[in-house]
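One chain, chain A, appears in both complexes that follow, with chain B as partner in the first and chain C in the second.
Here is the complex of A and B:
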């Protein structure tokens, strides 16, 4: 008989309670076999028997029980219910959850989790904005299904017409100096999730979807590698041209990139210098040892240990220096032929950073990526996830308007991300941000969800940090990773982008745009007066 | 029967469209069948009128406004001397409309019958939404020179002939983005075509096509007084036709799986880094897919057989006082460990 003490973890403290119906259970063991968190177990329970004929007044019966443990506890992923043939078991959300309180009290450590903040699920700004300008009478609207649209956005430093290095000689236009590289890409970027943060199968599925969309569907989508390097094989293949290589403060994977360079046949699509991320601003990357598999160790050049990237690039001490040093080096990496952009967590100071970049005298700043606080992550301290960061919408708008006021909008393309698709409306979110001034958006969350992630914004699963991802997306163990069907995930990613493409056109058509309506905030209205004032868009009621 | 001449400008005062059309209605009512109209941009000349005895109505028009021959009917012939602005033959249901000069935008828009002959070029979106009701002859739309962009949008029937005369240096005689959403009909073209929508295909002419063009060409050229061009325009070396692609060809997507097997790395992207044969594990699968496996400790076992009897997979075998769990059957559920009274089975995490 287990003794119960008050100052311990109790079942009622756990975030999820297992509801088990013994009368339906056939004791097949599938639920316990499927649970990657080891949150349930079969147990022999002693029961009183009512039979008067029996001398023995007790009997032992087999039941399924819930682990009450700081380590092995239910995250509500629902795999037990998925696999039960009789619907005998399911996880129920516990309203009285105080797991993270007890965790801190017992462990003397900050509480860590993966996924996303679970505090920002209501009152999304983007949901209060509508596409309010319908042009059927004022200028020709288009037919979303049948007209041709060009969904392309520049990635790279765009020079004003009078700054182009052109001259006219003998009636011909000639380039007098090498122009800054610009790629015309699809306005949705597969957002930087590293090899390590996601499983090799998930990463490969994203790479396949990227290649397929470019080569079969003619959709020039790019994928950012994340900071965990890139397989040399991919780098040396023709698919390298769809990849945006990331360099973050950990500088993981660049040794292999450099060694592969002489054998590369294509330049990559771009380089993204990651300074910070919206989910945990101020932090560097965090990959817990449980996920540092052997191949991750190889690519990154590290042992099996918790990998904490420093909070900042260690050689950079100011905005000016990041421009001069980091942008110069990364431009030099591919001989000034590959656009280089920077990604920061949206912050009160983002506009200062953007203004500084806009002054870029060397034409080497190829893009500014802003990541909002609703972004997801593989692992973070809960306190960072829930309490640090800046919403994406107003900050993106501030940056765009700062450029407009200088007459320099579009010169350094803006990309926005963080929590897009949170309310199931990814294309609408993307479209609205584009109207507010974004050249494009990036997403990791949607890719996860499409791949079968069961997590959500209200505390379901969010265990990406543990390496026990039940869907094989954020795991590194063979037995979990191989749950993920690469072919199907790649197909679903492709399908989702094709659907998004149709939906983006469905919003472009009524406002009469066959090209991206970047900065067309006149197309938007809001039903909220504060949002109207803050974003400088029309108020409608 | 005498020709009814109407001058629409008198003492510098212009007759309104309504006045002109009502004059025409009155004259038709009186039995007039032939009109000579010096127009001043009045709309809808020749629109929705007919002779009650089924006689032909003829209009000779100069300087018309938009929609000349718009909603025109069987038994009507309209000849425009010079050019005409937008919407010539809009919704034409059977009239023969000749414009000897150029036309503005959306010529033959929604035409579903009759013939429209243009002696010059036509503007954007011409031939858009042309249709064919199979109970009647298809509409024909002949143009001597070229069309503007976006022409033949959503075309669903009828025949257009764009002769490209004098447009040999033009990059595209249909401008850009023509035939978007075209689902029916045929557009014959002579000369360069670029920027076509991807829902159509451009193919060579067959005998039927050539016979059609040869037989229709003399009447067209005669109507615009260019009979001299017959041999040049019936040299079929530069002609082709545009028709909608069948639905299955429009959706020429290959499944991602096929792309992977044909184009992707043979042993996978991570083939040199991890061991992965591509097998997809199901939840609660036996063997390598297990998350945990039972390990037996002979020192604690009392041979009660509870593990063996309760194993849902019948994975536990007993031989000479030794118990073993068969990997191929065991899913790692832990029931053996749960029922064992002596903790002789423990579950090891894999």
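Here is the complex of A and C:
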């Protein structure tokens, strides 16, 4: 009797099983070439022959086999099926998967992955909210095609009217003091994905789309660099004005930015200080060495090693002091002409942080970016990804209502992100969050999906951490990166934003809004009583 | 849809003129109410212009409570006027037991008080009276301010006119400005306070429209000033915004339009005053209005004002002769009162202008 080995990895433990139909296979080799994870390989099997005429009792048959390995295992990305001319191969989800258990048992290490949380235990609040106030009769709906709409939102510290230090001279208001910088931007921001987290082609496509939307389509969208620097040439160009430069606890890329500053011809759109991110709150950034390509090393000024941003900004005595110092220095660096904002992971404590910033007498904070738990990430420990964080909707609402309580709504614009478009309706999610009090939203996951990301929220692919992204989006391997067509991705991004623009107007029109309905929660209803109570919006059934 | 009207004249006139102005616009009525505010009083109020005039409708208990509070604060009655009530059967009116219009003397301790201190006393007293009467549903404080008389009632405008004997001209009850609406706010509960015109500290506002930014406006305004209370109507928000801008921020009237219907960013950046306008747009974004609206207003300087929403979704017309200017929803009303005017001088305001009627009745059109 053959011995059965239990204590090692088996095919049945893997999250995806390769289903291969030898009768359809022409042995072209495309599937094995396409698999960035080396999860399949060509092999020869010895089979018994049933032919009486043949002298040989066995024969060798060429087949495709699945790797059973902790490193080279199938992520279900589906590239093999995509390239197979005959439909001979595909990955099937293994409902009895116990890979992450075996991984931990063998490696004595925390299981890491990229992409997004795969638990989805909480359901989607935004899908239970509808735009329920439709103007009819006395307050007519607007016409999304015929009427004009303004989709712009302030980004920067907005002062209360009585703090503007206006003077009246000859019936005209005149400014008497320098006021904090405020930009008027599109209410969707391309979220902060660094060069390194994504491939240079993906990053370039986002930058091209940003410039095109601004300069050709008249949509003043901004893109945040992520914590990984920015190409010097772009920084010195006129396109820098569309970029929000991110600084986080690793300060990656800032050496180059500082050196290039004397040669900059335009101020950036803003500075975003990242304190935390929604997908893995409490963790710092994580770029595994496999993704630290040569050009990433150059931009960031780092060796090829795992790059970890510390979970907190280090200060002498307190994080508050450290953050305050950073805000002041960032404000001063651009002569107080560039809005400086902060990004935090949505958390039970978000309202306290927001309250403090609102009450700060120096008006140093020009935007509050709240990132919810359904956000994506390039790499994280699975336990953080699946078990930490706070849903975005209620926390955004809490912050807005905290500002209302102080009579200071709008003073620090709120931007919300994390899982937007998860069920396919990005514009609707954005619109609802704006009605609940957001000035705008930011997204990274939608950009990746538009670019061709094959991952999803139920365990498909989610291998951004490996550098082996089969779509070339989160990859740093040259061959994989080349799969991504920069111009095509840029074009799709532009198209998607144009579609979003139409859809936002299609939601603004029926509620009779020609400007962004920031805080217009009266336009929303929910079919869930708990959500109604929690968000203070009408319940409908 | 509401119909609203504002009349300003060089000579004093009786509220019957306002009733006649609104009569031909009755398609917009639904027999739900009638309300008017008189400012720059004549007749028997002519000699009391500097003293506060209380306009109140109350039960017997409410009247007693209000009088007690006024006495306690130190106010003393100088003069009281009561309308000539014609309570015949069959009138469609939900009348209150008492209608009080009385001129009061400030407390003795205010003998040397500044204008600002006196105004503060009046608003504080108004709020206290209103709160007290609200608690036991005993009445309504419509205005408590010098040179201003307000009446609001539920019912048919025609019958309300008959009940208060307002159809007959009467030299005792006149003023040079009357703003009026022949309707209650029927969107919500029928509440006397919800009827236009609204009045606060010398500012009067009445609106034909739906302010779809009501909740945004309300959330912001309720923290701005103690006098911003009630919010029984979304239109009240426009009055509070006017008051906040002109009285509290002390900004000139021309900036009002830039608050309620700010220009689009692309238009602003072409202008010389772009820095100011962008600041206003950002800082007061919660006071922006959306939806169809026409606002008629009276300022403490006794000037009339008219602005529309940014898409001009509600009608308004201004007609005039040498002696009178009328702003109202439909031209029939003006045709009834000023049939011989030069109609080529009628103004149909556009969505990007502010109309001001000065005290000499010159009409100015300010582009936004």
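One rule holds for everything that comes next: the second predicted complex is superposed on the first by the 522 of 541 C-alpha atoms of A that agree within 3 Å, B and C clash if a C-alpha of one lies under 4 Å from a C-alpha of the other, contacts with A are read in each partner's own complex, and residues count from 1 in each chain.
Operating definition for what follows: a residue touches a chain if its C-beta (ideal position, glycine included) is under 8 Å from a C-beta of that chain, and two chains touch if they have at least 3 such contacts.
Source: prediction; values computed, not measured.
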Partner chain in contact with A:148 - chain B first, chain C second, else both or neither: both
First, second, both or neither for A:33, with chain B first and chain C second: first
Which of chain B and chain C A:166 touches, first, second, both or neither: second
Partner chain(s) touched by A:482 [first = chain B, second = chain C, both, neither]: first
Touched partner set for A:524, first chain B, second chain C, both or neither: neither
Dominant contact partner of chain A by residue count, chain C or chain B: B
First (chain B), second (chain C), both or neither touched by A:409: second
Contacts on chain A seen with chain B and repeated with chain C across the two complexes: 147-148
Residue ranges of chain A in contact with chain B within the complex: 26-36, 38, 41-44, 60, 62, 79, 82-83, 143, 145-148, 200-201, 203-204, 207-209, 211-212, 215-217, 231, 233-234, 237, 293-295, 298-299, 477-480, 482-487, 490-491, 494
Touch list for chain B against partner chain A, complex: 153-154, 177, 180-181, 197-199, 253-257, 259-260, 263-265, 268-276, 278-284, 288-292, 310, 312-313, 331-335, 337-339, 349-350
Chain A - residues contacting chain C, complex: 135, 138-140, 142, 147-148, 150, 152, 154, 156, 158-162, 164, 166, 168, 171-175, 179, 182, 184, 404, 406-407, 409-410, 511-515, 517-522
Residues of chain C touching chain A in the complex: 1, 187, 209-210, 212-216, 219-220, 222-224, 244, 248-252, 254-255, 264-265, 273, 275-276, 278-286, 288, 290-292, 310-311, 313
